[in-house]
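Scrolling down, you'll hit the structures one after another.
Shared chain: chain A. Partners: chain B in the first complex, chain C in the second.
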Partner chain A sequence: MSIKDLFSPFTAWKYVLKDPVTIPDPLNDRPGSARYRGFHKNDNETCIGCGTCETICQNGAIDMLPVNEAETKEGDSGLRPRIDYGRCCWCALCVDVCMTGSLTMSNEYKWVESDPDAFRFTPGIDKKFWDNTELGYQRPDDHRLMAPERIAMGEMEAEDRINSFTEIVDGYSIEQAKLEADRCVSCGICIATCPTHMSIPDYIEAVRDGDYERGLKLLYETNPFSNVCGRVCTRKCEDSCASRHEGEPIAIRWLKRHIIDQVPFEKYREIIGESEPSTGKKIAIIGAGPAGLTTAFDLVRKGHDVTVYEAKAAAGGMTRYGIPEYRLPYDALDKDIELIVSLGVKIVYNTRIGADISMQKLQDDFDAVLLAIGLQEGRQTRIPQSEHEKVYRAVDLLDKITAGENFDLPHCAVVIGGGNVAMDIARSLARLQKQQYGQVDVIVTAMEEQQHFMADPDEIKESLEEGIVIRDQCGPQGCEIDQSGKLIGLKTWKVLSIFDKDHRFSPQYDDSDEVIHACDTVIEAIGQFSDTSLLGNKLTEQLEWDRGRIKIAYDGQTSVDWLWSAGDCVSGPDVVHAVADGHRVANSIHSYLTV
Partner chain B sequence: MQDLYKKLKKQFSLGELTEQRDDLAFITIEKDKLRPLLTHLRDVEGYSHLVLLTAVDWLEEGIFQLTYLISNRTAAKDIGLRVMISRDKATMESIHDIWPTAATYQRELREMFGIDFPDSPRVNDDFILEGWNNIPPYRRDFDTLKYSTENFAQRPGRETKDPAEHMKQQLYPDGAE
Partner chain C sequence: MAYQPDRSQYPQPGSDGKLDIDLKSGKYLKLWQGPQHPGITGNMSVELTVCGDEVVEGITHVGYLHRGFEKLMERRTFIQCFPIVCRICVPEPDFNEYCYAAAVEELAGIEIPQQAKWIRALILEMGRINSYLMYVGGQAGSFGMGVIGQWTTYVRDLMLDRFEELTGARIYHMFILPGGVRDSLPEGFAQRMEGTLCEIEKTMQDVYDAMYCNAVYKKRSVGVGVIDLDLMDSYGVTGPNARAAGVAKDVRKDQPYLVYSELEFEAILGVDSDIYTRSDVRRRDLLQSVDLVRQILVKMPKEGSIMTKLPNVLHWKIPRGETYIRGECSRGEYGYYLVTDGSAYPRRVNVRGPSYTHAMSLLERMIVNLNIADVAGLMVSLHTYPPEIER
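Up next, the complex of A and B:
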């Protein structure tokens, strides 16, 4: 033993009066740093249960499960992530990828339990002592795993497009489409919102893979109007897209159109496959619009004999006679129709049921009949002097434009209405005016404030670019006619409110704020209704009605067992809704005929 | 940190400066500038402590990023020097002669990323992954999920639901709306 060893215990005494370098209570006095990746937090209100956290987790630590605190509804699966801390490594990829920013981490890192199963928990639902901790890891604003902005769609400039009815939108190139498809996290939340439940993530994956034939097959499994919907779908799916929460939704409609654009039409038949053998059952369909032809598509593929009666000279219904060519070129629509016809569906044109053939005859000659006549008649405002010959319904004029019929092109038109049909007629007239008169003079008046118009915001933006004037909060009070009987304007009062406290239509005006919108033509675009006179008195009385519409069961069957109804005439105006109706009705008719 | 950066810049060729906090900044430098700069910072600027040496796999760019975090304890400031090296046959000069502790970090990086540091003591010995038989696990092309699924059992009671399928069952079980 050396001298040093003898004295060293005593040298420790010199530290007695110094501050210790250790932390007195390390379990309580050492909070995690501000960006520490500690225990998870999840804001139940912002979480949409998209499961992207589960998909990215490299340890398989996350499960998606239903919880009482979240309801399954459009845009929210109602599932919430449950994390197994036996597998989690706190890498925070789940936080980085979270589409809504609901999933974050606290800076808490101490948690003691005797039950090992307690470490499998649902953040935000199972209450934890760190739930209100402010510090901890959150994805920095500029750090995004998915690009928040959509790939811009090329389109014609206003001055180039106003001269013609040429399609405005370019469509994506293969490169652009792949980039846009890359933004999709394939959560599938959108599928429930689509009326016909298209397999959206799967066809977007087909775009990513460049396998367009697989994409087309997927489209046609749920939607024989994919050419149409790829261009003019109301795309409610995009309102449910997980990407919309912290960026722009995926351009689902444009990706659908991209698939369509990539596959040559000659290949469609082969991709869609053969129909089933003939059943010998005969079905008559009234109306060759999307609802009628979707039903025809499904039924002919199941081996039934389908005849479609169409009053007009061409098929497509409102998609042809309502939607202008610059939004939906006729050759795109023709492809959808040609394919359906190629499967063996017979379309009898220029034949009006009720006039040329009676309903009785259809009942006698066919095993089942579908009424899919759409909403062809324009509603009227019935304001004073609106019975003037220069007051038109928008649908009637759009019909004439499609059919190439002559009419007096207004030098100055005032449109009443703020929906898509109002924009369609305004923009169509603007094009014709530019072609014939060299200048645009169209005013759109509507009761709503512009930000509450029913029309697609893109339609409003593009209308304004094309020189159309929009005057909002204008309630029509009457047409102005001069002494010679000529229509000279539309009188409106400023709208103060449209609905009463019970949400009933009850407009209030400020009659001191009166405007006369000078014009030579007034066009009413305030909605459509169905002309059901074709049914005849006997059938009309036999059928049950629901507030002016034929009453149908969930599957589209009316109260008369051989008659079904589908599409706009029973469900209101929307193409993809009509397609969904068509499938539902086809299923119902098929089971009725084969039981 | 700006001042130090400006001062260093007169003597060394430096890349971009990223100031994370008042007391933490990162400087990107060329591979062959590391040794002189580390030595200068240690001996002249008081950055005497090697806090850590770590790597990031920039798979898409074909690059490994090495970060040498050093600390000036008196000034309570940290600097991270970032060096980008090729991911292919990744090799970096050892700094164990400047800081002996570097050998341990280099051995770890050799095992976890497959980055070689020739002449670093015991660099090829197993570190924590005894008997590892796969590609280095911190490389991003290592499929962590596949490996963990194949090698580690789930606790009983695990179940999960697919969001789209669950929504179908809840909202439109018949397949229609």
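Up next, the complex of A and C:
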């Protein structure tokens, strides 16, 4: 201790002369910093109510609740997060994990209220004074808790795949599938969107766990066409996937296929379980496509006796005779059908109802009849000279390709249509041309602009890679025929608009922009319709109709009480919708027969 | 000259080793210091038995602040544990965030980006400065110099401003999470930090003049509360409490983590191991941290990734394993022992804070023979935070 120690403390007196350091009016003079984690904001328009914020909240401060301002629609659960500030700890994990970026925080931190319940509020719905604050915590660009990109699916190169009808995509390896499954946040919006409401997050979890048998059981609970849907489903689920908002959707279809690929077929029966005891009721199903066979699958498991009549030599309907093998190999489809048959469903092939057996006989011999005849007939453009023998319907040609029938393979084909069927026939012909002639010469013409084609974007991309020429905004005006009667081309005009202001089909053309697409064959792929002549006059008159289609109730029952209708012929064309229809109709028939 | 009490009139241990204290004799008085008492460091209490104004026995009591964090974490996913660990130690929360994140990263086999390591080190040093500023105010206050605490609280608030602009929060920063850190430095941060550091240095000079060069403070702290060298290992004494006795224990030097091997500094040592030396070691430690913050801001890369790509945190499973992660916080070695069993939840988390040993067993040993008036000074000089005792 020194003498300095006696005097040094008095230096503290200099603080007497200093100004106070406190903020005189902290309520107004002290805003939170630019990235302050203050009160929550939620953009109600961007939010999809996926509930991932609720899942990650470790305090249980967030509840997902229905609100009047948001409606339940595809890709939006209609729920919005309500936050309880009695529990919230402002960790902002909810903001970090938000799948759409709608949830953010303001830099506001002062809020006085006499009602304690007011502190439990729904940001974005309950208007607050900080809703328009610009500053506050937002997820930094470099800080993502979720992987935005999907695991790329391996597929054959264009020059290899064009040589054969071998399946294009490789399927995921176990490691790839686990990584892809890991991206799923299990929000379940996809379940609501899927027509047959598959337990998507659950089977994706099964992939993560490597428990493929559990996965398969979950698939077959809602979809006996899982082999088919694992390859060619229109995957509405992926359009509503929460991951698509700030990245790519989960590859739900490929994960479904992955489960299917991992379980040996011999185990399917054991996993799916036994049917219920026989009820003695007999049901006839017309058409062995996805809708008919799904109904058969459900009914036979409930103990009914099911007979399916199929006009063709093999089952599967459009999935066999419409979808080319490079997209859906026959052995995958065969597995689905074989399983259904193994449960006790009888399929009578090469039997056309209306010709070989009458509807009356079905009515007499069975307790209930289902009409699941699909959309087998191709629509025609009816443009001038389109009745020429070298103008085909796409479905007819696809049918011939599957059945292995001979037909005059065009050297140069023009396809009319921009949907998946157009792509299917174009790509099938391209493969055959490559095999027989060594070169591809197929042109696809469609009225829409290319980005608005009905076809799957992948189909368009792959078609172009395979050497198919796509000409968009081409309205077909007539087939060109030379003096010898030979088809030499298709005449089109440039399309200015397709629909009028009331969204009715009313195409407008620029006739000065005329193109003749040289070809020896024209193929129309502009849609399909049902041939209902099998019903016979009496039944046709007895039934109620709705714009050319048989009128049905929600459960598929027609106005005649023993007859139901399902699948593409009432709701198509789409496989997974047909499967959903099948379940609905099976339930309806089951209650009709047992109650 | 160390303080030597006359023990002749004090109770003797009985055959069971306990002191023979007959309260009815009128010689002794029970006195509770805490849990609500300005002289106690947070929510704990010491049950004192005094004879006159000298303590003959002190029994520490904790449990007033038990929140069961370690158990709560066993029911939370790995990412959900991240917001709650900081609450284990209120005045210096960042070590919890760092140790937990580093433990998870080690068991999950994750390497974090270099930039994230620099920002983590920056945050930890800022946290150490804040913790020391709180300590200095408390140490001064425990010896009657309340105004010092007002000065240090002001500069601590300035540092909290820096925390706020960097992390988005003042106390519970929730910024260091498994995989990296949340964000990079805001524009102009280094410049504003320099202003704050200068202010801290200026204030610490004032504190030095008013407190460290103060006859009263020296009179009461020199030679009081000496931790003998032979207690160091048996009581697990770490940090400034050990370094004030010349024991060079500093995890940053002994087992460098983050970027400490790239920073220039030496462990601050003292000799006398009394209250004064400990407070001086902490003062110098604080100024060293100021220097380290400056070094970090100069040496760290200007940009770079701050976050490793994690698996989906909602169902993140970590393989079976165990690890112990340690770091040098302002009070000594801070450690996290984490056991995982392959599930999405920690199987066991054990937080090893320096306060557990310093504030409980060591204090009981050292409190004997102290004057009642010096009990608070001794407790503060051990620099303990009860929240971290009760995880």
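FYI, the second predicted complex is superposed on the first by the 575 of 595 C-alpha atoms of A that agree within 3 Å, B and C clash if a C-alpha of one lies under 4 Å from a C-alpha of the other, contacts with A are read in each partner's own complex, and residues count from 1 in each chain.
To be clear about the criterion, a residue touches a chain if its C-beta (ideal position, glycine included) is under 8 Å from a C-beta of that chain, and two chains touch if they have at least 3 such contacts.
Nothing here was measured: the structure is a model prediction, and the numbers come from that model.
**Q** Report for A:142: first if it touches chain B alone, second if chain C alone, otherwise both or neither.
**A** After superposing on A, A:142 lies in contact with chain C but is clear of chain B.
**Q** Check whether A:79 is in contact with chain B, with chain C, with both or with neither, and answer first, second, both or neither.
**A** Once the two structures are laid over each other on A, A:79 reaches chain B alone.
**Q** Tell me the contact category for A:58 with respect to chain B and chain C: first, second, both or neither.
**A** both
**Q** Does chain B (first) or chain C (second) touch A:87, or do both, or does neither?
**A** First partner only.
**Q** In the overlaid three-chain picture, which partner chain does A:50 touch, first (chain B) or second (chain C), both, or neither?
**A** Touch partner of A:50: chain B, not chain C.
**Q** Would you check which partner chain A:442 touches, where first means chain B only, second means chain C only, and both and neither mean what they say?
**A** neither
**Q** Once the shared chain is lined up, is A:185 touching chain B (first), chain C (second), both, or neither of them?
**A** The second partner, chain C, only.
**Q** Between chain B (first) and chain C (second), which does A:252 come into contact with in this model arrangement: first, second, both, or neither?
**A** After superposing on A, A:252 lies clear of both chain B and chain C.
**Q** Shared contact residues on chain A, chain B side and chain C side combined as an intersection?
**A** 58
**Q** Quick check on the complex: what are the chain C residues that touch chain A?
**A** Within the complex, chain C touches chain A at residues 76-77, 79-84, 147, 151, 154, 161, 164-165, 167-169, 172, 174, 180, 182-184, 186, 206, 209-211, 213-216, 218-219, 222, 305-307, 309-315.
**Q** Could you pull out which chain B residues touch chain A in their complex?
**A** Against chain A, chain B makes touches at 144-145, 148-149, 152, 154-155, 157-164, 166-168, 170-172, 175-177.
**Q** Could you please specify the touching residues of chain A with respect to chain B in the complex?
**A** Chain A residues touching chain B: 49-51, 54, 57-60, 62-66, 72-74, 77-79, 84, 86-87, 116-117, 120, 187-189, 191-192, 195-197, 201, 555, 580, 583-584, 587.
**Q** Flag every residue of chain A that touches chain C in the complex, lowest number first.
**A** 1, 4-6, 8-9, 11-12, 14-15, 21, 32-37, 52, 55-56, 58, 89-93, 96-97, 137, 140, 142-147, 182-186, 205, 208
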